[in-house]
Each structure stands twice: as structure tokens, then as C-alpha cells.
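We call the chains A, B, C, D and E, going by the order they appear; numbering starts again at 1 in every chain.
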Amino acid sequence: QQIAIGHLQDLSGGTSDVGTPYGQGVVDTFAWVNKNGGIGGKQLAVDSNDYGYQVPRAIALYKKWSAPDNKVAAIMGWGTADTEALTGFLANDKIPDMSGSYAAALTDPEGTSGKAKPAPYNFFYGPSYSDALRAELTWAAEDWKAKGKPGKPKFVHMGANHPYPNAPKAAGEALATELGFEVLPPLVFALAPGDYSAQCLSLKSSGANYAYLGNTAASNISVMKACKNAGVDVQFLSNVWGMDENAAKTAGDAADGVIFPLRTSVGWGGDAPGMKTVQEIAKMSDPTGKVYRPVHYVAAVCSSLYMKEAIEWAVKNGGPTGENVAKGFHQKKDWVPAGMEGVCSPSTWTEKDHRGTMKVDLYRARVTGPTDGDLNDLMAKGVIKLEKVKTIELPRKAEWAGW
Amino acid sequence: MNTSFLIQLLVNGLVVGTLYGVVAMSFVLIYKATQVVNFAQGELLLIGAWVCWLLLTKYQVPFWVGMPLTLVFMFAFGIAVQVVILRPMIGEPIISVIMVTIGLSTVFQAALKWMFGVNPQPFPPVFASKAVDLFGLQIQTVYVMSLAVSVAMMLGMAWFFKASKYGLAMRATAFNQQVAQSLGISVKNVFAMAWAISATVSAVAGVVVAVVNGVSSGLSAYGIKVFPAAILGGLDSVGGAVLGGIIIGLLENIAQYVDSQYLHWGNLYEIAPFYVLILILMIKPYGLFGTKDIERI
Amino acid sequence: MVARSTIPAGDFRTSYAADTTIFPTKTSRNFAIAGVILLCFAPLVFSEYWLSVSIQIGIFAIAALGLNILVGFTGQISIGQAGFFLLGAFTSAYINNTYAIPVFFAIPLAGVITALVGLVFGLPAARLKGLYLVIATLAAQYILLDFFSRAEWFSGGSVPASANPFSIFGYTLRGDRQYFYVVLAYVLVCYLLVTNLMRTRDGRALIAIRDHYLSAEIMGINLTKYRTLSFGLAAFFAGIAGALYAHYQLVISQEGFGIERSILFLAMIIIGGTGSIMGTLMGTAFVVLLPESMEWLSHNLKGGAIDKALALNNNITFLREIAIGLIIIAFLMFEPDGLARRWRQIKTYWKLYPFSH
Amino acid sequence: MTETLDTPRAGAGSALAAPLLSVRNIEVVYDDVILVLRGLSLDVPKGAIVALLGANGAGKSTTLKAISGLLKTEDGEVTRGEIMFDGARIDGIDPEKIVRRGIFQVMEGRRIVADMTSLENLKLGAFTRSDREVNSDIEMVFNYFPRLKERTGLAGYLSGGEQQMLAIGRALMARPKMILMDEPSMGLSPLLVKEVFAIIKEINRDLGVTILLVEQNARAALSVASHGYIMEQGKVVLDGTADSLRDNEDVKEFYLGGAGDQRKSFKNLKSFKRRKRWL
Amino acid sequence: MDYTLEARGVSLRFGGVKALTDVSFGVREGELFSIIGPNGAGKTSIVNCISGRYKPTEGRLFHRGHDITGLPPNARAKIGIGRTFQNLALFHHMSVLDNIMVGRHHLLKNNFLTGSLYWLTGARREELKHREKVEEIIDFLDLQSVRKAPAGTLSYGLRKRVELARAMALEPHLILLDEPMAGMNFEEKEDMARYIVDLNEEYGMTVVMIEHDMGVVMDISHRVMVLDFGRKIAEGDPAAVLADPHVKRAYLGEEDELLVDPDEAPSIAEDAA
């Protein structure tokens, strides 16, 4: 008797740059769980699928997973568009989905906010895109003040016209206005790498001081490089998927100074008791343990272990049905999976609020030299550094729920 | 009116457009000889970029050696693709051959991701001074180089088709393969040649964009940009392709100007070229320099 | 496309009516009817998975059929079919959500509205030829997508729109098992309509334009009208298919309906055989099943000996993509005229069996 | 059944010279199923003009395409028999190689490259040559067909007859050993037909080009040819010297238009037809 | 006006090429009118003007007294003008039958809506009715055996015949034939000539024919017009026109052995007996 889990990952589509390490993290974690006896003596049967960031393929897979004859206990999801597309089905079929999409619309289980449809079976680990951006804006407002520059700072939202980059747009712009920013018209750039010189020239001519990069790393890099070339003087605030160690390596000095949120308390090799577990898990796909794992991998380990513990609770309390697993998420407060102390941030999901955390750790990417060479070396030598800037504890405002 | 911003955008459009032009030229080349629309053009560009990257980073070859090596490789690669995949398709319905190039692009795309991973890779610095200043805009040295190279390639290509015996043979083959064969022209060789040259020319563009943006699978998007460029110039005109590329480049940037100054739609730069394209086609159904079909009965 | 029609000996036709039937022989007709009857039992025996695969085949086959009218019969290549597919999907959802028009009527209505828009986009077809037209359709696709991503009132902008399940007079169909019959009915009707169209006046006019537009014009065929019309027809079927898809998936997202999907539609008809109605269905099945079977294969490979030996890990997905590409290439190398031709040849072979040279 | 009028087949031309081209018993199938040539044989002696006559659909063009290798592009295939040229087998090899060996086909229906000028078309004719005399040969062609020189636009806009001239001119540019001509007089005005046949004779005599001539204008064809074959339904049904064919009753009736030198009127035809003796 | 078709001062230029210069002529109802002339004289061009492919640079064309100079080609099918082409223009992948059915396009009433609903709208009945007409034409031109063959696989001569059938299917009263006998042997020309004469005499169609075979032109046409370098150089009774020294010089060359007085030729029936 096995417990079935559906796993959507993007290894070949528009977000494969970050989808690959995250997907690997999920696969490794469950493999590790299985190796250590599974859950309550049951092995996990993880059906991992590369869906290429295509909604129809996600839905087709979902049909398979939701069929009564072999219904899964839970889904490890991925993108914003596909997760939002599945939301209604998940609620209907009572299957919890731990997604890689942190859209705030997924955090309102009962739809009480009026901003989003009810999403009782959606979960994710980390601050929502909107909350992360709110924290970044809060920091930016302080930064502006600290620098003592005159006038209103200008804020601009940048990203593809796509559910994922758009998810925090309204929230960000609303808070920015509130915080005294002048909000400029958004700038659009595609989810694929390309030449975005024109956008950077617009950015330059608009005189923006803070620009939010809503895409994933690959295309953000293009923008950062192009803007560097065009001599744009702007502070980039990146989405959680928009910056990581690989991106810093590729972008080189163009990535220097970018602010981004980190979901885990430490990165790969960081000083925390839980890091040992992470390294154990990483051995599942790399027995040498030498491969450097970017932040998304570590976040995936956390997400998967939350799922594991929720299932564990379900197994003990009536069996691993989707409904029970969802209940499992609601059991604990300030929850850190066993063995992950100091790595995963304490999270709480309640029946009424699926904002797991309101705490946002802001980091700054530091690149201090040429970035050719092995990532392990670069990190070890400190050529690339992820520097903690500030932890922002946002208030759990009811009016911020769901958007 | 923000003139300096507009000028910067126009200069940027010119530079980027020239690159579109180079790729469009290589696209037109295959079309002219084989009547086949090559959907894998962007991937040829990408392969060129990765190969050069590999030579420069893994084998630490200097650029002035790596670049020619890349071109030689791409020439051979073009021939190989033609011989193995497209040669058996000679004489089959064009639309099926086009579909094969689409299949090829899938295969290349996946194979490259497999070999080089999904993460973009930075290109080692190639030129001592990275940029030159033009109207207050920093223009990458590679872009300036590519401008020179593409003008040279365009002239060479134009001469080739107009005056050389093999250029004539290519045109005859495009017109009708059976007729070409009846004249003693080896359709196979003509096609192989077309693919080889086209792959080589694309690789030049590939390396140029890679130097600027780093290498990643996204570069193959240039393959799509090429369609409007080639069509705008007129499918069978080499000069037209370059001009079409430049026009598309300029249009994108003008659209960006209008958008960021007045409209704030967000992605006008992506869509505007297509509106203009349809407009131009309605006035000139064969693009700016394309030859009209002969309608004689 | 050029194989001579061969009719088994002994099958004499005594009237012109008998000579204009859809099926060349009585047996083939009986086979077709039997096939349809068997399909009616499919929901009882198929697993959810196979059901959903067959529904997809059915829906895409309708859109591909429309495209085949344009490409195969009129000779105008389009890479914009996915745009019209989406338009149909959004339209049906929109008119159903906003004007409370029952889904039962919304689907055909969406087809008609899409067809009208298709006519407008078809206007350049009167002037453009070959690749110039292809790129104009590409432009149409981009323009439509841009519209969808902007028109929040209509399509929800970049957020997926939602659609209601299929319902007839207050009775709502739930689940794939019931929806299967809706799709089956649409497939049957659409394929019959097009078969009829192609053996009557306007269908012949389209084919005539494909084969020789100059002489078609002199035979009294209005080129502008028919070229535009074929765009309208293609859009109609795309719209119907899109609407069916919307009420099947219940959410409509632009994702996955860019030019890649338009190209897939093209692949369906090329693999099936341009200008072949039955081929369209076969080609669609091929294109839908290919990635599915590769998925299945890569799944079984995963963790297996080959995987370990080659250290494939995640690269299996690239292997799968490569395999899909290679199979399409190989298929076209061996069967450049599509499945329809081989099918015809097999039939000819059996008909002529002892005598086939 | 084949009826030979005078000398036995193999000897037909061998009295003069060894056959340059010899087609032995070939079968041609289109599209894997349609059998068009059913065991056809013919010889063309070196330096001769041989006429190949036959009704529409008899397979004349197919025969020429089988020799020049162009069948392949039409899904056709030689499934039996062999074709020898200049002492070597040429069936199955690529058409462009056959051109290089010296056989050039003037295809039915002109087939000039419509989007090139006449001059470019002529240059293409000389594609396989690398000598320096190409330009003087272009002058030679323009001398034969002065009209071509006047029309400098794209060849696709030429009139039917002008295109025919260009097609013949292009063949001359290749300086082949042998030309296969598929209905060279089609669409030409009576004056030009005479000229074209004069030119055929001339190039045969002056340049020593061997010619296999498919022609519907049997009278003209037999007046230049030394030998003729008559095809029906994929087979040779009659062959002999040009003179012997001209005297054959059937040939007179079905190809030359009436017995003797008298011509029947087209006006008073009845639908009744007499059976051909060779069938 | 008793001309079915009349050209008044028609000129046609393509850039520098003068394809036609001030050509005027008239064709009477029921006539079999031939146009001859050297290659490139403008014969096809004038037919193209009549069928609407080309628009004359100058001059007017009248059909039964109406000015049709600017009428689009497809509208000319409706007023009863049909034609065949010098360089074959069949629908290659369609069967012979369908090719001919296309000719009936303007006579059929069903459209894409009624056609798709075949059984419900009477489209079937209409199609079958016209199919009968087409079969008549097939019988008339002896095409029975290739009825279902794709036109692209036929031999040259048969294709010409199918073209004629397709043009006939339009039920035109004026039919334009561009070199209908090119590429045929004597026997086939006989057949073709017979069809054309029947077309003219039994179906009562007015025929305009371009032909290079002087025997045919002389025997069957009522009147002949000669073009040279885009100008009309002669018009009138065939025998008289062919005897014209100007025509001989421009077109026929010196005495043609094919031209024998038709009255002296033995008839085919005698020969058979």
C-alpha cells in the first residue's frame, strides 16, 4: 500500500531555470523519506511530471491524479497559472496542493477577503508574492529616507503580462502609493531571456528609483545586464524566483545589489542544525554531496517536508486522504519540520488563513569579481554572496489577505 | 517629446535590427534555395552560440580562434543536417518539409538543454573595451562589429545570387527541382550549400547576441523575430531581409517609445511590428523588395 | 494525393446517387457505423485517463478539421488557429457567464462569433499568398493573444477565466463520462458537415483555388470571397472546438495556446494528410498520443536500468522531447503525404490483393 | 506485338554506328501502382536523329524521363530492364549525373525558369560546362532565335512559343552528346516549326548531337529523322527507317493525315474509326 | 449590333512590351472565329483580355452590346464566356469529374451552408442533377474511362480534352480555345476538330480559337484574324487570308505542303472502304 503524490515540475518550459532545482528538491526529499521508511510504514509513490509550464498539460495530469480509481493524497504543484486553474478542482476533489506559486490569491481558504475565489486546498511555503513585495517596498521606503534623497521615490513594476508576474502587481502598487512612492506605468518584458535594452532605456528615461522584477531568473538576468549596459541607476527588487546563486553567477556584476526575499533562514551550507538534513537529502541525487544547491532547492526541501508531516498526521488520523492531509496542515502553530531547525522558517496555516508566514527575510546579492568558474568555488571564495539586509515582519492584516 | 530618449531608442533599434537582419538573411537563404521556411533558424543561432561558448570557456580558446572554429563547425553542421534529415525529403511536399524543421527545432532545443542545462551562462569578455559611445548611448563593441560583418555578408550574398553560377543554380532549384535537375544541377548539393551557409551566418548572429546577453535557450526567440523581418523585406531579397530586420528593430523601439511615453500598454513593442507588418503587406503584398509571383496563363 | 481511386471489382454503381456516397463501399460504411456505436460504449469501459485523452483528441480534431479546410483544401497555410481556438473558448465562457446564455447554445454561438472574426482576419488572404499569408496569420495570432491579455472584461486578462460545465435545459453534465458524448456528437456533426461541404459547390471552389487559382477565377469563382470564406470556416471550427474545450476544462488560460499550439494543429493535419478529412482525425490522434506515450515511456524508464546507466535523472524529459521531435521527423521522412495516403494504399492493396502488381 | 518493317531491330542503326543509347525492355511504374511502360526497347545510333511517335498517353514523355532520370521526381520508377548510354548503364543514377554524361532533355511544356530572364536561363543551360565559350554560344542561340534577344524581361512573361524557343536554346547551351526533345514544335507557328526542324537538323549535322525526338508533327519529324519508332500503350508497336514508316498505311492514316500526299479535311469527319492494324 | 463580341481599339502594354496595339474586331453569334499569328503576336493576350485576366491599357471590349472591359474574370463566367488555356490549367489533384463540376460553379445554387447540410437542403438533388449534365459532357468528349482519375496524372492530350470539357460545363455561349490541338497527333486532332465543330454546330456555341495548325484553321473556321507584333494584319475568309502574301511572309513561310484544297482530299469513309 503506497501513498500517491502528484508532482508538477517545469524542467523544460518558461520557468525551468528555477523549476529544475526546485523540482529536484521535491524529488530528493520524498526519495529520502522513502529511504527512511516512508510515512507510517507506507512508501510514497511520487508521480513527477515535467509539464513544461503548460496549463493544459497540468490539467490533463490533474485529471489523471483526481480519477477516483487512483486518486492522489496530495499534489506538489508549480506555476501560478496552472495552480489558479486547478484551484476550483482541488476544492471539489479535496486534494491539497503545495504549490511553487506564492500568489496571494491562494492564501484565502474561504474567499472571505472578497479578493479571490476560495482556495481551501492550496498551500505554499514562504511569504506570498504580494507580501514579499510589500516587505521590499517597506524596505525601499526606509532606504530612500536613509539616503536622504529629495522628492518622492519612483516605483515601477516589471514583468511579463502573465499571471505569475502580475500576481503581486496590484498589491505592490497600492502599498507603494500608500508609502509615498510615485507609481510609474508598468514595464513589460517576456518570460524568456532576450534583449531588453529598449525596456532599460524606458526605465532610464522614466527616472525610476525602485523596480520590481516579477519574472524568473533567466529573463531577469537579461534585464539586469541590459540595464547595466544602458547605465540605468535603479535599485532592483526581485521576486523570490527572480534571483539565486546561479543567476548571480550568470549576471555577474549586473546582479550586484539586487534585493530579493529568501524563504529559508539560511542558504546551502549555511550554519544551522537543519542543514545536515538538507545535505543528507541532497545526497539522493548527488552522492558526493559536492554539487552546490541554490536557494530554491532548499525551499523545496522545506515545502516537501511540510507536506510529509501533514501526510503523517493524516495517516495517524483517519488515513491519508486529501481531506485529512489538508487538515494536517492546520494542526500546528509556528511549525518547523523535524530535523529542519534553523532552515525552514516557522509557518502557520489555519482554516481561515493560508498565509504561512508574514516574516520576510530580505537579502542582497553581492558580486565582487568575475564569475566564471565553478559555483561552489565562487560561493566559497565569497565572490558571490547573499547578504542579509533586513527581516521585515509584516502585520497580518485582514485587508491584505487574498491579494 | 523626449528627444534624447527617442534617439537612444532609435540607435538601439538600429543595432538590434541589424542582428535581426543577419538572421533574416540566413533564413531567406534557405528559403530562396529550397522554398522551405526554416523554423529551426533560431536553434541554429543558438547552437552557434553554445559551441563558441564551449570553445571559449571549457577549452579556453581565444576568441579569434574560437569564432572561426565555430563557423567551420556550423558549416559542417549545416551540411550534416541537410544530408541526414532534409535530403531524403527532397521532392516531398514543402509543407511536410517545413514540419520537419519544426521537429528539428524541438530536438535541438531539448538536446541543447540537456547538454548545457537550463541556466543561462555568461559569455567570457571578448573585446577589450566593451562599448563605444554613440549619441549618448553605450553601444556594445560586438554590435558595431556585427554591423560591419552583416553589411559585408549582405553584399557578398547579393552578388552570389545575382551573378554567380551557383547563385543561379540555387534560384533555379527553388523555382523547380525537376527543372534544376534536368539542367544538371545537383539539387542535393545546392540544398546542402544553402543549409551550410545559412547555419554559418546564423552562428555569427548567435555569437554576437551571446556576447551581449549570455547564452541561454531564450536566444532561439530570434528565430521567430525573423519571420516578420524577412517578410517585410520580401522573402526572396537578401538586402530586403536586412532592411526588414532593421525596420522591425526600429519599430519595436519606436513602439516602446510611444508606449512608455503615452500609451502604457506594456507590450506594444512586441505587438506593434505585427500591426505594421499587416499594414505594409496590404499595400505591398510581396513585402518591400520581394518579387511578385508570375501570374501568366 | 494522387493515387487513383480503385473500387473493388463487382461493386457497380447504377446511379449517380450511388456514386456520390461518403463511403466508397458498403463495407467501409458499415465499419464506420459500427465504430461510432462502439465509441458510444467507451465511457463505460475507458479509464478516466483514456477518456480525457479521447476527449482531447475529439476537441482538437475539430479545430484541426477547420485548419484543414484552410490549409489542405484551400491551400492557405495558417499558424493562427490557436488564436481562434482561444477566442472561441473565451467567447463561449463570456456569453455564458455574462448573458446567461445556456452553454448548449453558447458553444455554437461562439463558433459563429469566432467565424465572423475569422472573416475579418481572412481579408488579407485575398491579397496575400504563400508565406506572406502565413506570417499575416502569425500576426493575427499575436494580435488576438495581445487582445486577450489586455481585455480583462472579456478574458480576465492574464488570469485564467472560468467557464461553466455543459448543461442542457437545467440538467448539468458532470464529469468526463458525460461530456464524452457531447464531444462525440460534435465530432460526428462537424466531420459530416465538412465531408458534405467538400463534395458540393463551395467546397469544390475551395479546392479549385488551391490547385489553380487563376483558372478557378475564370471558371466563375470569386477568389476574394472564397479565400476569406475559408478563413471564416476554419475559425468557425476552431471556435467550436475552443468552446468545447472551455466547458470541458472549466478554466481557460492563454498558456499553451501560443504559436506552439498553432503549430501543433498544423502538425496534426500534415501528419494526417493535408486535404484528407479522415486523415485529420488520425493525425490529431497521433499528435495527442505521441507525447502521452512518450510520457508513459519516460515514466517507466525513470529509475530503471537505462536511466541509471546513462545517469539521465531529470534529463529524461529532454530525452522525451527529443524523441517526440525525432518521431515526427522520421514519420514525415517515411510518410511525407501523411497517414491518409498510407491508409489509402493499404486499402487499395487489399482490394487488389491477388492482382496488385 | 511488334512489327518490324525492314531490318531487324538491333540492326536498325548498327549498320551506321553502334547505338549511343539503347533502351532494353524497360518497365515503368508510377506511384508504385500505375504501370505505364510495359517492356519498351529502342536504340538510338550515334549521330542519328530518331523519332518516337505515338498517341497521347502512350508513354513517350515517360520514356524520355526514364532515360534522363527525371522520373524519380514524379514518383515514377524503372522497375525492369536497362538503359545503356555510351557503353554504361544509366538507369537508376541521378538525373544531374546523367546530364553530365551528356544527355539533355528538353521537357514537355517548356519548363523554363519563369522568374529569371532569358539570358539567365541560357546561362543555366551551360551549368555543367566550365569552358569559356559560353558567351559565344549565347550569341549562337540568339542568332537562331532573335526574338529572345528582344525580350529582356522575366521569362515567365514570354509567350508560349517564345518559351519554347528558350527551352530549345537552353538545351543547345549544354552542348550535350544527345538531346531528348519532347515535342519541340508544340505551340510554334508554322514558320517557326520549319525553322526549328531546320535547326534540329543543323545541330545534328554540324555539332554532331544525337537526337531522340518525340513529336506529334509526324510529317516533320519523319522528314528529319533517319529512323522512327511508334508507341502505343507503353510498347513499341512499329519501327523502321523514316522512309519505310512514311509509306506504311497506318502511319499515313493516323499520323500523317491521309494516304498519299492527299490531305483529309477536318471538316467532314465522321466519328467512325478504322482499327489500327498493329493492335 | 450583331456582334456577340467586339473589340474596339484594344491595346495592351507591359512596361515596354507592346503586346497589343489598337486591335479591333468583331465575332458574330454562332461563328467559329480563328486567331492566328506568329509566336508572341498577342493572340493569348487578346483572349486574356476577353476573359478578364488582363485589362486592356486602351480600348473597350463589348459583349452583346455591353461594355465588359472592367468586369472581373469570375463575373464573365456568368455572362457566358468560357475558355481553355494554352499552358494547361487544370485542378491537378481533383478528379476529372470534379474538374468539370467546377465549371458548373455559377450554375449551381447551393452554398457552404446548404452544401454542408447536403441531405436536408436539396443540395444533394441539385448536385445530382448537374452531375447528369456533366456526364453528358463526359460522354460527348469520350472521357468515361478517366472520370475518376486525378487530372494531374493524365497525359497531355487528355488534359486538353478535360479542359475543353470544363469550359463546356460552364454552358457558355462564347468559348475561347487557346491552341486546343497543340501536342496532338493527326488522329487526335481529328477528334478534337470534330468536337469543336460539334460544339459550334450542335451546341450552337460561338467559338474563338487560337491555333497554329493551318489545316484545322482552314477547314473548320468561318473567319480568320491574323495578328503580328500585336497588330491586326488581316481578317476575313480563311482561304483568302492564308493566301495573303503579307500573312505568308509573317507567319507561314514559303508554300506549305500541308495546304491542299480540302475539296480534293479523299474522304475518310472512302479510305476505310
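Annotations
As a working rule, a residue touches a chain if its C-beta (ideal position, glycine included) is under 8 Å from a C-beta of that chain, and two chains touch if they have at least 3 such contacts.
For clarity, every value in this text was computed on a predicted model and none was experimentally measured.
Hopping across touching chains, the smallest step count from subunit B to subunit C is 1. Looking at the partners of subunit C and subunit D together, the chains they share are B, E. Across the structure, the highest number of inter-chain C-beta contacts is found for D-E. Most remote chain with respect to subunit C, judged by CA-atom centres, is D.
Between the Cα centres of subunit D and subunit E there is a gap of 28 Å.
With centres defined as mean CA coordinates, subunit E is found 49 Å away from subunit B.
Remark: subunit C and subunit E have CA centroids separated by 42 Å (rounded to whole angstrom).
With centres set at the average Cα position, the gap from subunit A to subunit E is 75 Å.
Residues of subunit A found to touch two or more other chains are 11-12, 20, 161. Shown for subunit C are the residues that touch two or more other chains, namely 2, 4, 149-150, 214-215, 317-318, 320-321.
In subunit E, the positions touching at least two other chains are 53, 85-87, 89, 153.
Residue ranges of subunit D in contact with subunit E, taken from their complex: 30, 34, 53-58, 61, 108-110, 147, 151, 153, 157-162, 164-165, 183, 186-194, 216, 218-219, 253-259, 261-272, 274. Against subunit E, the residues of subunit B that register as touching in their complex are 297.
Listing the residues of subunit B that touch subunit D in their complex gives 91, 165, 168-169, 171-172, 175-179, 181-187, 291, 294, 296.
Within the complex, the subunit C residues that touch subunit A are 47-49, 52-53, 56, 149-150, 157-160, 162, 176, 249-251, 253, 255-257, 295, 299, 302, 313-314, 317-318, 320-321. On subunit B, the positions that touch subunit A within their shared complex are 2, 5, 8-9, 12-13, 16, 57, 110, 113, 117-122, 124, 130-131, 137-138, 140, 209, 212-214, 216-219, 221, 252-253, 256-257, 259-260, 264, 266-267, 269-270.
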